[in-house]
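Input: structures, listed below.
Below, subunit A partners subunit B and then partners subunit C, in two separate complexes.
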Partner chain A sequence: MPMGPRKGVFPADSNPSIHVGVGSRIALISETHAWAYLLLLPSFLLVLAVLIYPVGSGILLSFREMRLTRPDLGTAFIGLRHYRELWSDPVFHISLVNTTIWALVGTTAQFVCGLISALALNRGLHRLLPGMRLARVLILLPWVMPSVVAGHVWALMLDSRLGVINDMLVRLGVLDRYMAFFADPQTALPAVLVVSTWGAFPFFTLFYLAALQGIPDDLYEAAGVDGAGLWLQFRHITWPMLVPIVVATIVLRMIGMVNAPDLLLVLTGGGPGHATQVLSLFAFQKAYAEFDFGYAAAVSVVMMLMLMAFTVVYVRISGVTKE
Partner chain B sequence: MPPSQRRLDRSLDLCTGLLVLAFVAFCLFPLGWTLLTSLKPEADIVTATLQYIPQHVTLENYVTLWQQSDFPTLVTNSVVVTSITGLICLTIGTLAAYSFSRYRFRGRGKLLIFYLVIRMFPVVLMIIPLFIMMRNLGLLDSRFGLALAYTTFLLPLCIWMLKGFFDAIPLELEEAARIDGCTRLGALVRVVLPLARSGLVTTAVFVAIVAWNEFLFAMMMTTSQGSRTWPVGLQLMVGEFQLPWGPLSAGGILSIIPIIIFFALVQQSLIRGLTAGAVKG
Partner chain C sequence: MFVDDPDSRLHPLPHRLDRRRFLQASAMGAAALMLPGCGGPPPPDGSQINYWHHFTNQTEIRGLQRVTEMFLAAHPDIALLQENIPNKDFMAKFTAAVQAQSVPDTTMVTSERLGNMHAMNSLVDLTDRVDNWPMKPDYPEDRWQGISVDDRIYGVPAFAFVDWMYYRLDWLEEAGIAGPPTTLGEFQDTAIRLTDPAKGRYGFGMRAGDGGQFIVVDMLEAFGSPIVVDGKAAIDIGKATEALRFFSELFTVHKVVPPSAPNDSYRQIMESFRTGQTGMLWHGTGSLTEVQRSLSGQQFGTAVKPAGPEGVITRLSYLYNGMMKSDNADIAWAWVSFWGETAPALEFMEITGYFPASARVAQDERVTGNPYFAAAIESVQVGRLPHQFVGADAWGRLTVLPAFQKILTGDHTPAQAAEEMAAGLEKILS
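For the complex of A and B:
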């Protein structure tokens, strides 16, 4: 299709010669080969300064002594001492186990809720059921909620004296008395996992709904003509189409779960005891409360290595090849 | 269509509807409950028998929050930090995303993947050196410093999103402009940016929501009223008073109102922008 200049899109007075000053100089540079790189330069420099440099010096820091509260100790190179200390730190071992449970159970619960809600919404939208377009927006709301608000909202609902969830569960006969969910080591982690599922499952819904809507209808029609039932259609059409996005979202979500201690920080602070202590929270507390930066950095490096190992192994096992 | 098929369809429709309803209830109930709590007087919140529907509707929690806490300062700080973050990410992000979208150069693919992979670095690992860096630069406990810290995780995301929006603009329009004697810069400013307006707005809203909500960096890097953002302030309120549920709920509601408004305005485009990049891999 021949494309001429369009009215409104491209004003007629755009001859470069009428540009003056700095503008015209940049316009001249924009004609050189370096232009593509020049455009990238600011972002690259910024990422270098606020991301690569911090990560690099964070890794180096894990081999050094650095406590802001103890300047007398200096910042000497101490080799693997922090890592050896970690190995014999019982809290680190508890955190390691809790991080695994937290990330695996949390991601799984969010994935299941996300997949089911996406399938239901997709069918509802497809069959033009009433209210589905609104529901699609409402279901995403928890995902844009700040973790501080999510934390306090649920803390109030699960409160041992004033909690509406306790009240409803007692009325329904599920509980015989109010529970202090966050004070009991048995229920603290599951309770925070429920909150985290509330806040994060819409992330899966968002991506799976988009992917589901991209599957052509005629695939299902053909399968229907061949007499394939709903389960067979899901097994042989829907699921294979979803697999690449499932792998990508699970990796992203695992990274999010392992890295972000926000909810636990607001809800339990790692307690009771160390029942909800995870690595990210452990590292944050070491840095924020004790200013033991070297030790906190070592914990973070362990986390990063775990995530890298998980990602590589998971992507390989799932058999998704890069396009 | 055979009647048995129609009956199956209809009962499946019912299941679908109930399922979606259950999910919507799960998502909205906590927010609705917070709203109700924020409208109750303290005596009705702390009571032996739970009140589901507030019997005395009052705005006193909002008044208390606004007059007796530093909430107005906190919100101002958050607005400033969010705006600076948005400005940095959008200007720098636009340049980079445009380059990725329009030019094929050596190292392009690797750099794109690099901008994706850096999400894997633990936030805590970056917070510590950033804290030291900002302290040395005198940017600790400053709104600009905090905004700069936010670009660590927002700029790469922003570039990916914007690239998706630029990719959707047909190349022919720019080529036509070039034939008419427009420079590359002229084509970017006069042709591409106006067309990408809704994408730019969407990305800006996304960046703003994340920056507005951010808690961990803010907790670490702000120590005084001068730069503290509202999530930190709300969290610290818990320590100061004996669980002020009323004002706390009011604070929660006030802080999520802007998010809900912005999200409602751009949700369609936001969903497209977020998923387009990811569905392609």
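For the complex of A and C:
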């Protein structure tokens, strides 16, 4: 068996710096484990710079005093004080409840609409119904539209004076007079959820349509021959094939819902009162209205923990990782 | 071509890059890419500045464009970059810029935000420049109060926000009401008489959405409750409760306000007035041209806002331009002070309706000869300056407004809301 220099081990009487050039040394290192770490180093540094450092600083900030408009307070370490204040802050508790409703109801509604539209489009495409390709493009438009623009458009459509939706509902007899959806604590959050569902369900449609088109037709044909109807085909073929993508999309969308205050900022600003206040908006206001970045960081850490807990529990319950 | 080289097809690898050569080429490429960066950005020519503003509507933007044209005509060697930041996001962007030490040369400043901006140590002290500015005598002392901290001046007045009241002249005549209300008691009576649900008319367009916090604070003061005295929270709970009860009952009891009021901001109250759904509106002179586009001189009038039991509720504030860095100080000062000169101030007023901050400009025939401005001239005499304490903006937005909205939605009594406002103020000042 040849005994060449392997894995960074050089012959005892040889000095590679004397006998080999730089290129040859790289060649030698490239045969060692160190080479793998060297190649990983840029990616690790990138992850460190864009992920670990910001998250770590955010967490550390939540244990510090940092009010930009009160430099006299300094930036001292204050331990859990922000978290204790959060616990006794009524607005935080309202925001926590609203965030749970906002994220769970919103994601569920978007998922259901997205799945139904994907199934409908997929079936239409398979049968090559006219207009299906155009419909597939059009259905993505709400997702493409910036949420701030969508918010303003919906604010006009739901307006209690000039809103076309109010007009339609009155004409259809659903309402007896125009309704100020965003001014009533009972209807403000549901109204924003409707807007959010409209804007985000194409996210699910897009993913599910792609997944559905990857399911071989043979499976459906065989099931059909065996007498399986639409529901049985969905239950035993479509759904099992979709489950991994369903889990991934729901986790992604849940994170998006918890973290994005843009629609609420445009449509209600968290009001009336605190009826539509959510944690992301609360953190934003604490940071950029009160300039209390330490407190805002504590709210953000709570949000992060909530999302991590949800993701772990949800992925485990779904059983998607068993395979 | 490489692909046509028969040798390359026969022996592709030796003629292409192996791993070592690839790494060497990548390193050289990266080094080559970095070279232009070694020299840094192009050298500043010293004649370019940028300006952050939060003008919102088309009229304001047209006014800004006109002033910019005039400035560039007067200073052809200066380049001016402008960035429009939505008012809601202005302080977020401002804060981020201060933290990143990437601030613009010049910025818009309001009195309400001065405390926060100064606390961030982000504005350049302009006292010496202002003292040597020939236009300074045209600006009475109150103009400088709104932009001063510890007797140091941080901006130059550009124009005034003068609160006043619009009212439907034709509705008042129809209802047999002699003139616009001058007290809050008369105001309530007038609003009740103008309200006619059958016609889809409401007496008053209440702004209880974004921006409504200023009106609520005005009401507290109009009923005699101080806000801050000697840097300490000083809300009189009894008087504040009385004020909140009076103001909220317009919505909850008398129903002279559209049901959408808890979410109504500028756009909604303006549309309601312009489209004939509300008979009275409290806003500033800056919306005059917008109202004039929809309603004729026979349909609407302007008046001083009605006085409360213990004081006027007219708020008078000035918009300023300040500097955030001294790199191009002379050019930045040229732009900032240009807004205070007579010709641009008059042009801006004619386009937007904003009242001039300069006392000399306010005596111009174009101001005194405009019948609508009679109310503004009177309001300037009685108006009060906004609060400037650090945290004033946050207290208004995050405490006063939600607490007042909760009265309207039945979640709070006026007394509870007053307590909440006082507690929030204590906290923000502590």
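The criterion applied here is as follows: the second predicted complex is superposed on the first by the 270 of 323 C-alpha atoms of A that agree within 3 Å, B and C clash if a C-alpha of one lies under 4 Å from a C-alpha of the other, contacts with A are read in each partner's own complex, and residues count from 1 in each chain.
Basically, contacts are C-beta pairs under 8 Å (C-beta built on N, C-alpha and C of every residue); 3 or more make two chains touch, one makes a residue touch a chain.
Computed from a prediction, not measured in an experiment: that's the story for all the values here.
Of the two partner chains placed by the overlay, only subunit B lies in contact with A:164; subunit C stays clear of it. Judged by the touch definition given at the top, the superposed model places A:249 against subunit B, while subunit C stays out of reach. When the shared chain is aligned, subunit B comes close enough to touch A:261, but subunit C does not. Touch criterion met: A:39 reaches subunit B, while subunit C stays clear of it. Within the superposed three-chain model, A:173 lies out of touch with both subunit B and subunit C [touch as defined at top]. Looking at the shared chain after the overlay, A:137 reaches subunit B, while subunit C stays out of its contact range.
Applying the stated contact rule after C-alpha superposition, one finds that A:227 touches neither subunit B nor subunit C.
When the two complexes are superposed, the chain touching more residues of subunit A, out of subunit B and subunit C, is B.
In the superposition on chain A, contact of A:271 is made with subunit C only, not with subunit B. Across the two superposed structures, the residue set of subunit A contacted by subunit B and also by subunit C is 23, 26-27, 30, 161-162, 265, 284, 287-288. Note for the complex: subunit A touches subunit C at residues 23, 26-27, 30, 68-71, 159-162, 179-180, 182-185, 188, 265, 268-275, 284-285, 287-291. Contacts from subunit A toward subunit B in the complex involve residues 1, 3-6, 9-11, 14-16, 19, 23, 26-31, 35-37, 39-40, 42-44, 46-47, 50-55, 57-59, 61, 113, 116-117, 120-121, 123-124, 127, 129, 131-132, 135, 137-142, 144-150, 152-154, 156-157, 161-162, 164, 167, 198, 202, 206-207, 210-211, 214, 244-245, 248-249, 252, 255, 258-262, 265-266, 280, 283-284, 287-288, 293, 296-297, 299-301, 303-304, 307-308, 311, 322-323.
Interface residues of subunit B facing subunit A in the complex, by the touch rule stated above, are 9, 12-13, 16-17, 19-21, 23-24, 26-28, 30-31, 33-34, 37, 45-47, 50, 52, 88, 91-93, 95-96, 98-100, 102-103, 105, 111, 115, 118-133, 148-149, 151-152, 155-156, 159, 172-173, 175-177, 180-186, 188, 190-191, 194-195, 209, 212-213, 215-216, 219-220, 231, 234-235, 238, 245, 248-249, 252, 255-256, 259-260, 263-264, 267, 271, 274-275, 278-279, 281. On the subunit C side of its complex with subunit A, the touching residues are 19-20, 23, 88, 91-92, 95, 98-99, 115-116, 119-121, 208-210, 258-264, 268, 271-272, 275, 277, 390-391, 393-394, 397-398, 401-403, 405-406, 408-409, 411-412, 428.
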